[in-house]
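Presented below are the structures under discussion, each in the form of C-alpha cells.
Both of the next two complexes hold chain A, though its partner changes from chain B to chain C.
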Partner chain A sequence: MKIPEIGTYAISFLIILALIFLLPRLMPGDPLTAICGEEVLVVMTPELKAELMHRFALDAPLWKQFFVYLTAMMHGDFGYSYYYNAPVLEVIFEALPWTLLLVGSSLVLSTVLSIIIGIESGWRRGKITDKFLLTTTMILNGFPNFFIGIILLLLFAVYLGCLPLQGAKTPYSGLSGINSMLDIAQHLVLPLIALTLAQIPGSYLLMRNTMITTLKEPFVRTAKAKGLSEVAVRYKHAGRNAMLPIVTTTGVRVGTVVTGALFIEIIFSYPGVGLLSYNALLMRDYPILQGVFFIVAVFVILANFVVDLLYTKIDPRIGVNNAEYAH
Partner chain B sequence: MHINYWNELTRNNFGKLGLAMLCFVLFIALFAPFLARYDPGEPSHAIFMQPSFEHWLGTNDIGQDIWSRLICGAKNTLLVALGVGVFTTLLSTVIGASAALVGGLCDRILMRLIDALIVIPAFIVIILVAAYVLPNVWTLIFLISILTWQGGARLVRAQTLSLKERMSVYAARTFGANKLYIIVRHIIPNLSPILFAVFIHSATRGVFMEAGLAFLGIADISTVSWGLMMHHALRFYYLDVWKWWLIPTGLALSVTIMALVFIGHAFETAMDPRLRVVEQEDWQ
Partner chain C sequence: MKNKQIAIVTLMSILLFALLTGLTIAGADSESANAGEVTYIIADPTGDWGYPSPHGHYPRGPGYLRMSYIFDTLLWKDRQGFVPALATDWEYLEDENAFLFHLRKDVTWHDGDKFTADDVAFTFNYVKEHPSWWVDLKSVERTEVLDEYTVKIYLTERYAPFLSDVAGALAIIPKHIWQDVETPNEFTEPEALIGTGPYKLVDYSKTHGTYLYEANKDYYLRKPDIDRLQFVKISEEMAPTALMRKEVAAAGILPETVEEVRGKGFVILNQSGNWNAKLMINHEKEPMSSKVFRHALAYAINRTELVAIGVRGHAIKGSPGLLAPISPYYNQDIIKYEYNPERAKDILESMGYQLKDDGYYWRDGEILELELITAPRMGFERIAEIIARQLEGVGIKVNVRSLESKTLDYRVMNRQFDLAISGHGGIGGDPLILNKVILGKFGYSANYTKNDTLNQLLEAHLHEMDQEKRNEIVREIQKIYAEELPALTLYYPTWYWGHDSSVDLYYTLGGVASGIPIPLNKLAFMDYKCDLAAPVPTATSAPTPAATETPVPGFELVISILALTTIAYLLKRRRND
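Take a look at the complex of A and B:
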C-alpha cells in the first residue's frame, strides 16, 4: 500500500469529523439543542443544562470543544438520543444488521447480474438481444430508485397482495429456525429487487462498454484462433478482463447502494439505518443523524480503501508497474 | 478529427428521443400558466376527488388540483436541472482547469482534495445539513453543486492537461501568444464537449437529488415539486388516489430524468471514438 493513498482517506475522514463537529455549532440558535436534538428540551433542567454545557465544553473556545469532541468519539461515545432514551450507538447497532443484509445482498446480486448481461450484450452488440437489453436498462435508468420501490410496493404488496407490505419480519409471529429465515427472506424480496433494479443500469452500461472495447483486443482473436469454445472466449478471456472497471468502481457503488437503501427502507418501512435516520430527521433527533452519517460515511470510505488495496491483487499489471517505478 | 456533436446527437436514436422528451417537458414548463386549470397552491373543499372533467387528475388531500400541480412542477424541476448543471460545470471547470494549468503544488493539493471528497456520499451530507437549515430551491442548487463538482473537475483537469500539450497550443506559444489568449482561444473551445457532458451529467444528478430530498420531505413546502408531491401522496397509498396522484407524478419525474440520461448517453457515445464507430454501425 502506498502512503499517499492512506493520506487521502485520512483527509476524507477528517472532513467528515469536521462536518459533524462544525454543523451544529455554526448554526444559528442554541448549540445545545443542535447537538442533543430537540427532544432534550422535554427533560431539560438547569442541572442537566449545566452538565451538558460542561460535557461538550460549549463555553470553551472552538479548538477546545473539538478536542473534547474527539476524545468522546475515541471512547465510542457518539452522544445520547433523548428521543429513544438510549445511547446513539446502541440504537444504530440495532438497525445496522438489516441495512447490511439489504445493501450486501443487493450489491452482490446487482454486480453479478450486470456482469452477465453486460458480457452477453457486448458480445452480441447490435443484435436484437443487445438492443433490447440496452433499451430496457436505459429506460430503467430514468426511474429514480424510490419510484421503482413505490411501483413494486403498489404492484406486489397493495394490488396483488402476494408479498408483505412492510417491515423485516412478521411481528410477534413466534417463528423460529427455518420458518423465521423464510419469513425474513420473504420480507427482503421486494426491497432487494427495488434496490438491485435501481443499481443495475450504471454497472451494466460500464460492463457493456468495456466488453465492446475488450473484444477488439488481439488476445481475444488469439483465443478464438486457438479454437477455444465460444463460451470460454466470452467469459474466461474477454469477460474476465472486461470485469476490471466494475471491480474498481465497487467502492463508489457502495456509496450509491447505501444511499439507495435509505429510500428503499423508508418506502418498505424496513427497520434499517435509512428508516432510522428518516425518523430522526422528522423528530430533529440530531445525535442519531450525526451518528448515522458518521457510520455510513466511514463505511463507504473503508469500502473504497479495501477496493484500492484489492485492486493491485486483481490486476497484477498495476503491481508490476509500481514495482518497476520503484526500482 | 473534428466531430460535429450536434449531428452525432441527432443521428443517435437515444439522442433524438431524449431531445424530443426534453422539449416536451420544456414546452409544458413554459406554457404551464395556460395549461393549468387551477391555481396549483389553492386549496378547496373538494378533497380526494376522482379524475373528472373539472379535475383531470382529481384533487389531493387538501383539495388542490393535481393536474395543475403536475404541470407547474415541471418548472421547478427544470430550474434545478439548469441551476445545478450550470453551477456544477462552472465549479468543475474553474477548479479542474486551474489545477491543470497552474500545476505543481496547487495541482497536487486540489487533486488530493478531489480524491478525498469523491468518497464522501454527497446525498447523506445534504440530509445532515438539511436537518439544520431547510433549504429553498436556490440554497438546494448551491448545496448540491458544492458537494458534487469533484467528478467533473477531474475530467476537466485530465482533458486540459492533454490540450495543453497539443501542437496547436505549442504553435500559438511560439507566435508569442500569452496565457490568457491560449486559454480563451485554444483551451476553452476544445473543452466544450467535455463541459457539455459534465453539464448533462450534473443536471441529471441535480434533478434526481432534488426529487429525492423533496421525497424525504426536505423542501420548501411552498414550492410545487414533484418529489414533494410524491412525499405527500405516499402517505395515502392505501386509498385509490395513488393511481392519479402518485403514479403520474413519478412518471413525469422519470420522463425528465430519462430525457437527460438519453441525451447524456448519446453524447458520451459520440465522444468515445471506440464506441462511436460501433454505435454508428448498429444504431441507424
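Take a look at the complex of A and C:
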C-alpha cells in the first residue's frame, strides 16, 4: 500500500474524530449534558459537575478540549453512559457480536449470490432467465430494506408462524450446543434475508454489466475456441475477471450494510448495535450514539482498507507492482 | 495460484468467524423450567432496564419494577392504596415530627440472615450518603432504632409525600452486605441482589433484554404462586402475535391492536391520566404574558377534536388543572375552557385586536402571529398541525416548526418560544409533581412563579400532614393553576395492556411505589388461577418442550473438524496443481 493512500485513511479518521468531538459541543444547551447524556442531571452534584468540567476541559479553549479528547480516545476512553451506568465501549461491545454476525453473513451471502446470478444473467443476456432476474432485482431495488423486513416478518413469523417473531435466541429455552446454534440460526434467517435481498440488486447489476463487457473480450473467445467446457468459460475465465469491481465495491457496501442493519435490527428486535443506538436515541443517551457512530465509521474505513489491500492481490495490475507487469 | 491462496484465507476467515461468533454468543442456556413449575412470561419492547439492584437499574419506572420483585419497602401499595410490607404498622408523631414504624418479625433476607430495624436505619443512612435518583431523602433528618423491630425516622420538616415517595419507595437493603460497599452503582456481585422480596433473580441478560426470577419460597407473606417470572424483549407491534401464539402471558399493546387482542379472549387493561400532553405557553412574552390572552388560546383549542383525530380516541380530554380524574386529588370544579371560538375572538377584540380581510387579527399594524414548536415524538407533530388549524380558525396566524427534542426542551427552558407541545408523566402519583412542573426550571415545566397564592399553596401542601386538608389545598392549586393557565393540559393518552388472565394484573392506585403506571405490581404474582390458564403454555405447570431436549455436545468440535478437512483438501489440491 502506498503512503498517500494510508494518508487518506488517516485524514478520514481524523475528520470522524473531529466530527464526534464537535457535534455535542455544537448542540444547543449545556455541552455537559450533550456529552454525558441527560441522565447525568439525575446524579449531578456540584462536585460531579466540577469533576466532569475538568475531565472534558469544558472551560478551556476548543483546541485544548480537542487535545484532552484525543488523549482520552487514545487511552480507550470513549465516554461513560450515565443511563447504562457503564463505559460506552463496554455497552457497545456487548451488542457488537450480533451485528457482526448479521452484517458479516449478509455481506458474504449477498456477494456470493449476486456474483452467481450476475454471471448467469450476463451469460444469458436477453434470454428469459436474464429478463426474469433483471425484473425481479429491479422490483427488489425499489423497496427499502426495512420494508422487505416488515413483509418477511408479517408473512413468515406472524401469518405462517414458522419462524420466530423477535430477538436473536429463545430466552431461557434450556438449549445448548447444536440446538442452541440452530435456535440462533432460526432467529437469524429473516433479518439475514431482508438485509441480503436489499443488498443484491446493486451488486447484481454491476456483476451483470461487467460480465457482458468481459464476454466480448478476446480471451473469452480464445477460451471458447480452445474447446473448454461452457461452465469453465463462464466461471473460470469470464466470471473470475468480471468479479473485480464487486470486490472493490464490497468495502463501500460495508457502510450500507451496517446502516441497513440498523433498521433491520429495530424491526426484528435483534440485539445488535442498531437496536442499541435506537434505544440510545429514545433515551437521548448521546455518549452511546457517539460511540456507535465512531465504531461504525472505523469499521467502514477498515473494510475499505482491507479491500484496497486485497484488491492488489486479486488484480496484480493494480498497486505497487505496476512496473513489474509493464514489460 | 494466488487466487487459491486468497480463497483459502477467505474460507478460513469465514469459518473461523462463524465458529467464534457461534461459540461466543451461543453459550449454553440451561435456565429451563422444571416440571410442575408455573412460569409467567411478560413482554417488554425495550428489554434491558439494568441490573435489578436498588442502585443498578436504569432510572426509569420499568427498571425500578424489576428491582422491586427482589427488594421490599417499609410499606407498599395495591389497587386500593397503602398496605403493610416490611412494616406492619406506622404512625406519624406530630410532636417529634417523626414516623414510627413497627417491623415484621418473621422476615429473613434471601441468604437466610434475619431482617431487623438495623437494616432499615442502615438503608436510610446509606442512601443519604449515596444519593439515589429514585428516592429523595432530603426530608429525612436521622433514624433511631428503638428495638430490634421498631424504628423511628425523624424528618427535617413536615413532609407530606413521605409515605408514598420515601417509605413506600425506598428499597431496604441488608446492612451485612452493603456496609462495606463504597460505590453502590458498580456493585454487581450476586450479593447485591439479596433482598427480602418475593422473587430472586436467576438470570439477567443485558444484550437480550431478558430477566428470569424464581419465587422466594420463604417470602414472609407466603410463597408466590408464580414460580418463575420471566421478562422477554418483544416489540409492541409484535406483542399481540406473541400473546396469541402463547409466547407471552402479558404485554403492553398498541391502541390499534386492542380490539383484535380482546377478540381473542385476552383481558384488556387500560389507564389514562398518568401522563399528559400539554401546550406550553411562553407567559413571559407578549402577548402570551396576558392571562386573558392565554384564556383566548384555551377557548380556541378544541381538545375534544385533538383526542378524536389527533390520537384517534385513545386518550381522555385534558383538565386545565393538570391532574387527571384518576388522581385522588383531582378537582373537577375548575374553569374548563370548553371549546368556544367566539369567546376567544371576543377576548382578542377586547385586547384591541382587529380582524382584517386576510382572516387574521392585527393590532398596532402587526399581525397576530405565533410560532408553535414541536418535536417528532408521541405523535406531537400531528397534534401541532391540528392546533395550528384551530388557532388559524379564530384568526391567529400560526407557524408550526418541528425541532429535535433536546432543542425544544432547551428553547422552552430558556423561554425562546411562543407556544410548544411537550408532555410528562408522574401526575398519577403524589401531588408533589405539581411543584416540579409548575415551579421547576426545565423543558416540560411551566416555570411559573408569578402568582403568590399559588406559590404559597404549593409550599403548604407539601407540609400538610392531614390528608383531608392536603387534599383541599391541592384542589385549590388546580383551580388557581387553571385560571392562571401558564400551560394547558391537552389530553391524557390511554395505555393498554393485554393479558391471559391467569394472573389478575391491575393498576396500582397512584402507581407502583412513587407512581409507576405499569400494571405489574409484585403482589399480583402471589395468586395464580390455574383453571383460567390451562390452555396457555406460558403459564402451565408442564415442563417446556425445550427442557426435555438432549443437548448435542461437541458441535463446535464437529465444525472445527469440518473446517480443517476442507482446508487440508484445498491445500492438497494446490500441491497437486
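Following the convention adopted for this analysis, the second predicted complex is superposed on the first by the 320 of 327 C-alpha atoms of A that agree within 3 Å, B and C clash if a C-alpha of one lies under 4 Å from a C-alpha of the other, contacts with A are read in each partner's own complex, and residues count from 1 in each chain.
The definition used in the following text is that a contact is a pair of C-beta atoms (placed from the backbone, for glycine too) under 8 Å apart; a residue touches a chain by one contact, two chains touch by 3 or more.
Keep in mind the model is a prediction, meaning the values are calculated, not measured.
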item: Clash-or-fit label for the pair chain B, chain C on chain A; value: clash
item: First, second, both or neither for A:M27, with chain B first and chain C second; value: both
item: Chain B versus chain C as contact partner of A:G227, first or second or both or neither; value: neither
item: First (chain B), second (chain C), both or neither touched by A:T259; value: first
item: Which of chain B and chain C A:L310 touches, first, second, both or neither; value: second
item: First (chain B), second (chain C), both or neither touched by A:F293; value: first
item: Partner chain in contact with A:V158 - chain B first, chain C second, else both or neither; value: both
item: Which superposed partner A:S277 touches (first chain B, second chain C, both, neither); value: first
item: First (chain B), second (chain C), both or neither touched by A:N141; value: first
item: Touching partner for A:P218 - first (chain B), second (chain C), both, neither; value: neither
item: Footprint overlap on chain A, where chain B in one structure and chain C in the other make contact; value: 27, 34, 153, 158, 267, 284
item: Residues of chain C defined as touching chain A within the complex; value: 2-3, 6, 14, 17-18, 21-22, 24-33, 45-48, 50, 56, 58-59, 131, 133, 185, 203, 205-210, 212, 230, 232-235, 238, 241-242, 245, 247, 405-407, 409-411, 413, 544, 546-547, 549, 551-556
item: Touching residues (chain side chain A, partner chain B) in the complex; value: 4, 7-9, 11-12, 15-16, 19-20, 23-24, 27, 34, 125-126, 130-131, 138-139, 141-144, 146-147, 150-151, 153-154, 158, 205, 209, 212-213, 216, 251-252, 255, 258-259, 262-263, 266-267, 277-278, 280-282, 284, 286, 289-290, 292-293, 296-297, 300-301, 304
item: Sites on chain B touched by chain A in the complex; value: 14, 112-113, 115-121, 123-125, 127-133, 208, 211-212, 215-218, 230, 234, 237-238, 242, 246-247, 250, 253-255, 257-259, 261-262, 265, 272, 274-275, 278, 281-283
item: Interface residues, chain A side, partner chain C - complex; value: 27-29, 34, 38-39, 42-43, 45, 83-85, 94-95, 97-98, 100-101, 104-105, 108, 153, 157-158, 161, 165-181, 184, 240, 267, 269, 271, 279, 284, 310, 313-314, 316
